[in-house]
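A short write-up of the structure that comes next.
Each chain carries a letter (A, B, C and D) given by its place in the written order, and its residues are counted from 1.
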Amino acid sequence: MIRVTVWNENFHEKADPKIAAIYPDGIHGAIAEGLSEYSEFEVRTATLDMPECGLDDDTLNNTDVLIWWGHCRHKDIPDEIAEKVRLRVLDGMGLIVLHSSHMSKPFLRLMGTICRLKWRENDETERIWVIDPGHPIANGLPEFIEIEQEETYGERFEIPNPDELVFISWFSGGEVFRSGCCFRRGLGKIFYFRPGHEAYPIYYRKDIRKIIANAVSWAKPSCGPRPTLGHFPVPLENIRIVDHSDEYHP
Amino acid sequence: MIRVTVWNENFHEKADPKIAAIYPDGIHGAIAEGLSEYSEFEVRTATLDMPECGLDDDTLNNTDVLIWWGHCRHKDIPDEIAEKVRLRVLDGMGLIVLHSSHMSKPFLRLMGTICRLKWRENDETERIWVIDPGHPIANGLPEFIEIEQEETYGERFEIPNPDELVFISWFSGGEVFRSGCCFRRGLGKIFYFRPGHEAYPIYYRKDIRKIIANAVSWAKPSCGPRPTLGHFPVPLENIRIVDHSDEYHP
Amino acid sequence: MIRVTVWNENFHEKADPKIAAIYPDGIHGAIAEGLSEYSEFEVRTATLDMPECGLDDDTLNNTDVLIWWGHCRHKDIPDEIAEKVRLRVLDGMGLIVLHSSHMSKPFLRLMGTICRLKWRENDETERIWVIDPGHPIANGLPEFIEIEQEETYGERFEIPNPDELVFISWFSGGEVFRSGCCFRRGLGKIFYFRPGHEAYPIYYRKDIRKIIANAVSWAKPSCGPRPTLGHFPVPLENIRIVDHSDEYHP
Amino acid sequence: MIRVTVWNENFHEKADPKIAAIYPDGIHGAIAEGLSEYSEFEVRTATLDMPECGLDDDTLNNTDVLIWWGHCRHKDIPDEIAEKVRLRVLDGMGLIVLHSSHMSKPFLRLMGTICRLKWRENDETERIWVIDPGHPIANGLPEFIEIEQEETYGERFEIPNPDELVFISWFSGGEVFRSGCCFRRGLGKIFYFRPGHEAYPIYYRKDIRKIIANAVSWAKPSCGPRPTLGHFPVPLENIRIVDHSDEYHP
């Protein structure tokens, strides 16, 4: 069972009747609905207007994979909460960063770069090509997905080189964009996925939902060793450790 | 269910009574025994002395992950069979390359490099450090594994930069070695794992068996798209494809 | 001084008057002309119709960076010559692989994958975006280059993940393509660069010539250590080597 | 001409007579002396006790590559100055991070991870193996360097996967460490190099000085495009840009 928390700043849906008409249950509601079809996920939602921005310790400590959608309210997340999210990712929690969340505080802090890009709202067509068809996030997809109208993002996208590049987008206005990027940081896995402007009903699509579900499965925490860190005065060769195999957790 | 074939050249075990005493059922037998504890694996073995070197089409086409152990008999694999193995990997079959199999024909052809290294048989201690504790192949391991006596391998190991580096070995004689290396080629996943000289009973260890089992799970085929390749005369934008989502396989 | 050899199969230019009109001195001639403007390059050309395909030992041993253009005559390179080129790259020679040379024997052998792609001749516009503006191959370029008409290549391009991805192409017909890919193999550096269909006068452009010159500078051999390989029976710790610094070559 | 600034917290040399005896001109002085032998470098030094920590705008804006040594005084760098350094790196300045500077504020902010490691002071031998002999930072080196006595660092080193891994260290006490790591962030290049505990006269060694000089050459700023970022309302296809080549800077 993978415990998923879908977090949303939940602003456009409340401030703009046009967006509310598209996402009456919020973007978080639409994403959670898509994930609820998978019996291996236990899904809850959280929003900025909840106490502690919906990201209290109990929620974070019981989240295996956090999905993040933000746009206009990045600055309303206190630094301490952004830092808690960062540390949870480094400690193993998966993080899926959607669309304009490339400028969210946790993502910026984890990347270390500025993460800007080029953008325009011009109702262009986006075609998302699978570059790495053997990657688990591409499971069950066709070789490309076409979205008739979306906001345009264009390179240069100021990120570190992704550890794995799964998708590249083509836009009818002439741009390309690395739209599916995997990063591994600390014990955690991070997936940035580009589509999802609030003005288009993207998160109801079966293909987009499949990608998000694949990403959740990929980003789930592993159960590797917790390395010893810091001062370690005795050389390990003085400690007889020949076969650790009985201590393993399954 | 992951269908695993453990392939072994099965030479030392028959030619040398000392090795036969260590591996009475062959190295392949010991590895298969370790994997048989996992209910999600369906395990069979194949050896060089079987017809078509044990790698006939039926076997290869029904193998999800192939484990390979070879040392002195690399040249006895006909080029056509090595090429079939290579093509199956590029088509999605996982490949786990053990110890001296770094010089096996399928691995050499998949890497494109010479794949030499430094080596000596000197009964040195090997300590295998987990460099990437968040990697699924490190699941359930301690932060290092110690093997009291092993053959020594040392850098420079002439491989392409691994896509993921999971383990680095320390040897008491002064060498280091990238001993757990992931490569992604075509639709397939390849894991090179260093330990396993025939003169030491390595493949009975619980920790080594755990690593091989983890690698099998990691290397299993995915079910992403089969890209269209070759001449494609009509621009795709003339074909209306808006939502492929009903065609997906699960 | 970097010694550059521009190799061309030189077939279309002789077989087709339309191509001969575009490249009266051959594609190799146009590329060599561009490089001749740089005083740090010593440039020569070689073609398939020369003895030993123009790739005799003397030529290869005196080449720091080899540029390769081939299309219809890949099979006319004997395997032994392809293998010599591969070994020279692994020994440090730079290799720049242009356009349809993705199917040339040396590139295929160095990559280990099938290296197919999608293609059509449809006079589409290609826009080559700089994805990695800090890379030396992007020196002196604008953020994208536009080629009004080119042959279209589309993903999936069956290559190993590049060690560095410098350019991504956008095509007006709806495709994207990783069009500037760096690979490091053995001691050598390899750059694949997509543009250059014989029917368009691409290699006269200043921007394309700048990219090729940048790639030559990037791919030049380094002067690092030649590692000891093979059997090395004495542990190095028994040899007192404290400061090697006087032995260095400059 | 590459303008290099060697920055040092300059604390141990003033607080501890034993360290002052080893580095009478400071660690920065020893490093600068080594670089001064290269005519292509213009070298200056800066220390924590200077105004604005020695990192005023004029200094940073006239630095191509910044070398950083810090240990006990990381917290004495104000956040604003650490942020200025980070932004200069993202804008193209090279950064060479030595030894205990893995915990310096600029490096932590650029990596996004916690960057801890294991350590002890035990006078152990370090052997630094060249893993990537074709890398320019390995130019002129033997296949390994041995330091008779050094502080020990051990994995797990909590960094993002390096873009290029040049060196791996072996320690006599049983540890391995990724001791030469290249990162590319924004337009800048970062090299982490492990050796250099203040209690050992490491920075007088010719081989260590050669590595630092190689790293400076590698990390120098490139002159690629400055991408357009942010809102860009007009699709670029409406702007006729066919050949930018006359606008190039050299």
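Assume a contact is a pair of C-beta atoms (placed from the backbone, for glycine too) under 8 Å apart; a residue touches a chain by one contact, two chains touch by 3 or more.
Nothing here was measured: the structure is a model prediction, and the numbers come from that model.
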| item | value |
| --- | --- |
| Path length in the contact graph (chain A to chain C, fewest steps) | 1 |
| Self-contact between copies chain A and chain B, residue sets same or different by half | same |
| Rounded Å distance, chain B centre to chain D centre (Cα mean) | 37 |
| Separation of mean Cα positions, chain D and chain A [Å, integer] | 31 |
| Interface hub residues of chain B, defined as touching at least two other chains | 127, 130, 132-133, 143, 154-156, 161, 163-164, 174-175, 184, 186, 227-228, 236 |
| Chain contact topology (line, ring, star, complete or other) | complete |
| Residues of chain B defined as touching chain A within the complex | 92, 127, 130, 132-136, 138-146, 148, 163-164, 184, 186-189, 205-207, 210, 222-228, 236, 241-250 |
| Sites on chain C touched by chain A in the complex | 127, 129-133, 143, 154-156, 161, 164-165, 168-171, 174-176, 178 |
| Chain D - residues contacting chain A, complex | 86, 90, 109-114, 116-120, 122, 124, 152, 154-156, 158, 160-161, 163, 173-175, 183-186, 227-237 |
